[in-house]
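In the part that follows, the structures are each spelled out as structure tokens.
Here chain A shows up in two complexes: once beside chain B, once beside chain C.
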Partner chain A sequence: MAVCVAVIGKDNGPMYFRTRQSGVEELQYHFIVSSALDIIEERVQSSGKSGILPGGVSNPGALEITRELYLGALTAQEEYKVYGYMTNTKIKFVIVIEESSTPLRENDIRTMFRKLHGAFCDLMSNPFYSPGSEIRSKRFHDVVNSIVAGQ
Partner chain B sequence: MAVQPQPFSGAEELPLELLHGELVCSEVLLSKDKDINELLSKLEFIGFSTGYRLIERLLKESPRFKDELETIKFICKDFWTAIYKKQIDNLRTNHQGTYVLQDNSFKFLSRISATKQNLEHGPKFLAYTCGMVRGALANLGIASVVIAEVTTMPTCRFHITITRSV
Partner chain C sequence: MVKQVRQISGVSCTVQLSKRILSDRIVAGTVRIHGPNFFWLKRRSQLDNARKMSRQTARIADPKKVNSELFTLTYGALVSQLVRDYESVDDVNKHLERIGYNIGIRLIEDFLARTNFPRCHDMRDAADKIQQAFKLYLGLSPGISNWSNGNEEFSLTFESTPFAEFVELPDSCSNLKYGNILPGVVRGACEMVQMEVQSWIIQDTLKGDNITELRIRFIKKLEDAIPAGED
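Then we have the complex of A and B:
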């Protein structure tokens, strides 16, 4: 189940941050998301020219994997897993999933990100939204709600 | 089975064309008292916002770009097709950040007759598109300057110069 959804702007500042419960917990998720950003950066950069992994091992598949917008699982701890997604315009989406009894399939996560990206595109098409600013749209909020609720 | 009639075939993009033409004529050509450059830059900025927002949607399904050239190619093909239903006819580059995009029958110029008098108005019809290209590139993290020139109607060239931060 998704416990935190974050949209991070081009300059790595948060544009939208939503946790299932607000309060002390929220701060913890800020920390998790921020640390995930470093991993996103790493993944996107290593996708550059060569398909060579840090160990010097050549990985022909690396290019293909990282050219995709969906970046996969970034980190995993005992109680949560962090997934990342970066649009072509360098907007990052991070979703924190709580490890629970019913494990989520990879496809479900992809669907979540696709939904989120769709909502973001709609938001960008709204002339009242100025790009890069904090997201206050109700429509966007509803989509995130449905993700958090697991629908 | 009856064939579905297509009463307005070919007119799908006409509203955009007419809106743009009207925008240029009423805002720029007919306003005598204001500074023309100021009006053109306003028009360019409208284009900038359009491109900035549009590219987000166009790139929703596409994989990440490898390099700058690939991005420009996207502008030439998919971006242009999305707006003008055609591709750029010719792309040239010096591989150092300058790209020249040539469109042999630019839509916004295609309705204007190619007289000498009209030729001087040509660039005014390109400001919006210049802005659109600049906006799209800006959202992709490429700062650029886009200049357009009209040689003979309806052919026009867009010069994209990438400005690299030192």
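Then we have the complex of A and C:
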């Protein structure tokens, strides 16, 4: 059950932040997402150092050739798990999942990120949206609602 | 110029080097001519490559067709730049209509050259032709409806307009008529065939309606029509 969805820009500034219910808990999720950013940077740097060539042959010391966008589980605590996804334009999506009785499969998480990425691309195509600014689009909001509520 | 060439290439070029090689040499800058024959061979192989490439690209994509997303994004960039340049939204609407008018007066020539339709007898004919023009240029099939009593006024209804995809109007521009270029195109095109019409947008999907509706009203037939010109 996704409790928090965040979109962070390429300069690590927040673009969009949404929690399942707003209130006192929101501050906690801000903290969780910010600490997840460090892990994302670490993950991306390490995958860049040992670049994976297409075909699966690893090439230590190579430049970043292809990097998978989905970064997987970043951190996990008793109550929640944090998943990350970074596009090639350095836009980061972070989803915080609450641990529940029915654990979500990795495929479901990938689907959520794919939907987010699609909604983000549509948002970018809006001529009245200036890239890097706060996201106020109703359409994007609806997609995030469906992600948060869908699971 | 010929003397320079001789010195650089070291090969004795004849004085009768054609003018074209010389001009190419000047344009190309650092291209070296080893002799007129070599240069011609090089040019010919370049032409062959270009021809091969164009054959390949013709298989991949018709060079005359443009990706619709590129068109949508271009139009969006145009409108958002106008909004930034002009203070008032009404000014933007007026300018969009004028841009459409300028497009329309030119587009009608292309339309008539492609389709070769005969003269329209009345507005019903005209409506039919306008509908076909939309099909030809935008790939849309608008419906014709809401004829007025005297058959002088009608509506074109669009399920969706291609350039309004992905667009969300911000609150500051709630009066913006995003697709206002279309009425301008219709007005400009009709003026060039001696019909004065008035056209405006009634419903707009961007403002929450289900369809986009464009209303066209016939005012009068023009005699000795000279286009108003760009003001």
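Keep in mind that, in the parts below, the second predicted complex is superposed on the first by the 133 of 151 C-alpha atoms of A that agree within 3 Å, B and C clash if a C-alpha of one lies under 4 Å from a C-alpha of the other, contacts with A are read in each partner's own complex, and residues count from 1 in each chain.
One rule holds for everything that comes next: contacts are C-beta pairs under 8 Å (C-beta built on N, C-alpha and C of every residue); 3 or more make two chains touch, one makes a residue touch a chain.
Quick caveat, the model's predicted, so the values are computed rather than measured.
> Looking at A:Lys138, would you say it contacts chain B, chain C, both, or neither? Reply first, second, both or neither.
Once the two structures are laid over each other on A, A:Lys138 reaches chain C alone.
> Which one hits more chain A residues, chain B or chain C?
So, of the two partners, B touches more residues of chain A.
> Looking at the overlay, does A:Glu26 come into contact with chain B only (first), chain C only (second), both, or neither?
A:Glu26 contacts neither chain B nor chain C.
> Looking at the overlay, does A:Lys10 come into contact with chain B only (first), chain C only (second), both, or neither?
first
> Looking at A:Ser125, would you say it contacts chain B, chain C, both, or neither? Reply first, second, both or neither.
both
> Considering only touches as defined above, state whether A:Leu69 meets chain B (first), chain C (second), both or neither.
The first partner, chain B, only.
> After superposition on the shared chain, which partner residues are touched by A:Thr89: those of chain B (first), chain C (second), both, or neither?
A:Thr89 contacts chain B only, not chain C.
> Of the residues on chain A, which ones does chain B touch that chain C also touches?
Residues 125, which sit in both footprints.
> Going by the contact rule set out above, which residues of chain B touch chain A in the complex?
52-53, 55-57, 59-60, 62-66, 139-141
> Contact residues on chain A for chain C in the complex?
122-123, 125-129, 137-139
> Report the residues of chain A in contact with chain B in the complex, numbered from low to high.
Going by the criterion above, the answer is residues 10, 44, 47, 49, 66-69, 86-90, 117-118, 120-121, 124-125, 131.
> Taking the complex as given, what residues does chain C use to touch chain A?
Residues 69, 72-73, 76-77, 79-80, 83, 165-170, 173.
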